[in-house]
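What follows is a group of structures, each given as structure tokens.
Two complexes come next, and they have one chain in common, chain A, joined by chain B in the first and chain C in the second.
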Partner chain A sequence: MTWDECYRSVRELVLDYATPESDDAPLALDSLAVVLLVEAIEDRFGLTLGAKDVTPERFGSLGALVRFVWSLVS
Partner chain B sequence: MSAHWVLTDGTRVESDRAQACRKTTLGSAGRGGRDDCFRGPRDWQHHWDMQVQPSLCKTWMMAMRGFLDTLLMTSGAPTHSALTTALGETLTYQALITAVEQAADTLREAGVQPGQIVAVDTRSAAAVLAMLAVLEAGATLMPWDGRQNDLGLLETARPVKLITQASFEGAITLASPCDNPRELAPGIGLLLFTSGSTGRPKGVLLSLDGLMANIDAILSYLPVRKFPRTALTLPLSYSYAFVGQALVTLRAGGTLLMMQDLPFPAQQLSTMRALDASGLSGVPTSLRRLCEAALDMPVSERPQLGYVASAGAPLDQATRERLGEVFPYARRFNQYGLTEASPRVAACSDQEPAFHAGSVGRPLPGLTVLARDPQGTPLPPGQTGTLWIQGPSIMRGYLDDETGSSKVLIEGGLLSGDDGWVDDAGYIFTVGRQDGLIKVAGERVSLQQVTAVIQAVAGVREAAVVARPDSMVDHYLVAFVAGDPGIITAIKAHVRAHLPLAGRPRRIVVVEHLPRNARDKLDWQVLQHLATEGGT
Partner chain C sequence: MKIFKPAEFGCGVRIVTTGAYLPERVVSNADLVAMGAPLDAEEMVRLSGIKFRRWVAENQATSDLAIAAGRQALACAGDLAVSLDRLVVATVSSDYSSPSTACLVHAGLGLPRLPVFDLTASCAGFLYALDAAARAVATGDRAVLAIAADVRSRYLDVTDRATCALFGDGAGAALLAPAPLNQGLIAIGLSADGTGAHSIYVPAGGSREAASPETVATRRHCIRMQDGPQIYLSAVEGMLLAARELLDSVSLTFNDIDWLIPHQANMHILKRIAWKAGLPLEKVICNIETVGNISGATVAVAMDEALRAKRLKAGDRVLLLAAGAGYTAGAALYVVDEDLLANVGCGANI
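Here is the complex of A and B:
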């Protein structure tokens, strides 16, 4: 998987639960959106994310989330 | 002939006072004329001294007094904190009452009348004040999640006003979302939309009497008075959150810890600890996530909860046990309810053996629950049928849907749609539903609705949606679509615009043709098998 593919996949999943104005804009997820997005990411990338992975720093913006997922799949 | 009321409990009230109070209710704002009636917590000394006649039903009490006076009758001192935000800002009961009254005055000045609907965008912590103000003004409250702007619920409900913003000081911002606001029968407190088995969201009409009855029934078992600091993590648009937690806590004189803005489990736990939360209610999904996060921290850093309660979806054995490990000093509760029942129907605690056997509990005081067969005949204990609920808190009906209402409101009770049985001791066990309604992270989702939304996309030849069990979010959805491969972008955009978060499929699989069996019917077995295999 390339960075571009990772970016596109994460963005596609994020758009189901949030409408960020830019890669660095806050995602403004509520608790339901967080849990559904985590599950969707696990399903799409074959990952298992623990509670320590689900933090405001990593899920705060689309850019941060792509960097986090990329660090796990690359 | 003298003036009289026949109350819902059959009591006949004959007096000039009853007539005067009735005029007050039907009159302008229900404020003037209350001075000669019970004043409630606005007059604290009087409140403490007052002996309330238990024979008087709540309708009459509410007619004489505003909603807040009725709700807060048993609440704590005016300087006690009613509400605390995640940042530690606190609102006392006195400040809460002042803010709610001010917002209610704004609504009245804007011409809001009893019987009309006022929608409230529930996305901020201060929305709870606006929600209380709608009830205080005598109107019907429609909680509304502003993110779901495209679902058409405002067009269906036709509220006279929409409160788009609220502040803790009682300032509210009003919008007029429709040209022809509707009038409802008096006494309807809440209009809540929930997924219906026919595929369209249904508007559930709940009476104020029923809500108050349910709140008191919840307080008969949930130890909110003993553990009064309630962590509120669920959206206020859920009846579970607004009625089952917010109103219950305020009635008990407790403190609401507004944590909806904290979506991350570790954040929620540390804030609960910092704010000294003593009670937590959640759906199994949120409780599972919290358990996972709590296990990463030492017991001494976890919130010291007095109780933790689950509802909204079946609480599996693993989660029941995990909760006991994570919060060893908390009493655990499993609960059963549905929006159409205001919402709570049954509950049990971990002190009861049935809790450990997976029961959702026994009916709350005032409610009767039994299983009925498909013909509507009551079944003896132990036999599985559709659960039927009778009592004061069941809904008045669905909005604009007499046919749908008459299908579920039978024999003076509510046919829940949930299958289950009741044992000899009265404990209820649920086993699911047969009508295409499933739970995703505690939210009711209609497979028919999801299918219909996908089928509405141009170029979709056929669609079928499968729900798969999931150990974290109850179920997830996989949609199979017959169409050209490129159609997936259009489907996703349409789904995002027309389905709530929980109804959006985790996977959408585009195929040339959907599988069919020898009788040319959709082959659901094959679809279920394909849904387990992954892929996009």
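Here is the complex of A and C:
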């Protein structure tokens, strides 16, 4: 998987729950949306995330989330 | 985790019969929306898997539900009902701060002089009550009634997005008695991690912040859930850890389990546990869609329903599993026997 593929894939999942104006704009996801997004990311990328993986920083913006997922799949 | 195996103490402990009671009032998601909930009905289903829950009537309290569940269990217990030596009630929603709900249940059931007490372990309440009851049987009690009952609807802020759809009211009971070695309850384990104490809690109304007009106006006597994603993932990890430790202690794995009866916290949590445990959902007893999260009573109510519906068979290995606020956690391995199936069948359906 390339960075661009990872970016597009994460963005597609995020758009189900938020419409960020830019990669660095706050996602403002509520807690239940984060839960569903975690499940969607696990399904899409074949990952298993734990409680320690889900931090406000990593789920705070689209860019941060892409970097986090990329760090796990690259 | 502290694991108790009756056989290591030269005895066996079994559940003679169970009982459960759900209040009559059915509250739908649409009802919650009409009360001011900030989610629409479909969103509630998507986020929690819950469509309905039961709530108490204005004149009902936790002890009323506990008495009904306890009475149902005792009605099917035969002679053991008059040999009762102890009553344990797990609840986080007592009728009063004092005295214990167990005392009210004692009176309601018309029991003779015997020790009764409450314990508080949130959504792991039934597992904690089961442990206390099993240990009492192992040290000489002839029969112990363990009840888990909660009325969380009294502590609900229906305008709170995180919790408005989750909670229902209800009670479940199990009557425990001695058994032959290695029958019935094989092992039960409990644990707690108090660093999570403020993740799900009721801020006001206790000795930390006494009830006042201001706490009522700001709904600080209602359940508050912080860091939702962390709670969700921690609940899954807490339950899986408890299950694995317990199964390891008896040299079993999830593959050896016929049924999982987990705390009904949220459908996403149940599915995630099943997925991580490698269990098909068909092996997981789920009633959350129609009763919601009944806090400490969920496992007891779900077990009673599964027995009454004849889903559990003699010889089935059942893993009871729960995690709750605190954080608390518990797991128990139980082997169903013919007597339990026959006894539960004698009672009226809930």
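Quick note on the criterion: the second predicted complex is superposed on the first by the 74 of 74 C-alpha atoms of A that agree within 3 Å, B and C clash if a C-alpha of one lies under 4 Å from a C-alpha of the other, contacts with A are read in each partner's own complex, and residues count from 1 in each chain.
Just so we're on the same page, contacts are C-beta pairs under 8 Å (C-beta built on N, C-alpha and C of every residue); 3 or more make two chains touch, one makes a residue touch a chain.
None of these values were measured; they are calculated from a predicted model.
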Taking the superposition as given, does A:A40 touch the first partner, chain B, the second, chain C, both, or neither? first
Across chain A, the partner (chain B or chain C) reaching more residues is B
Would you sort A:L15 into first (chain B), second (chain C), both or neither based on which partner it touches? first
Under the stated touch criterion, which partner chain does A:D30 make contact with: chain B (first), chain C (second), both, or neither? both
Given the touch rule stated above, what does A:T48 touch, chain B (first), chain C (second), both, or neither? second
Under the contact definition given at the top, report the residues of chain A touching chain B in one complex and chain C in the other. 30-32, 34-36, 39, 50-51, 54, 59
In the complex, the residues of chain C that touch chain A are 46-47, 161-162, 227-230, 232-234, 237, 268, 272, 276
Can you list the residues on chain A that touch chain C in the complex? 30-32, 34-36, 38-39, 48-51, 54, 59
Please give the residue numbers of chain A that touch chain B in the complex, ascending. 12, 15-17, 29-36, 39-40, 43-44, 50-52, 54-56, 59
Quick check: in the complex, which residue numbers of chain B touch chain A? 233-235, 260, 262-268, 285-286, 289, 292-293, 295-296, 440-441, 443, 470, 472-473, 476, 492, 495-496, 501-502, 504, 506-507, 534, 536
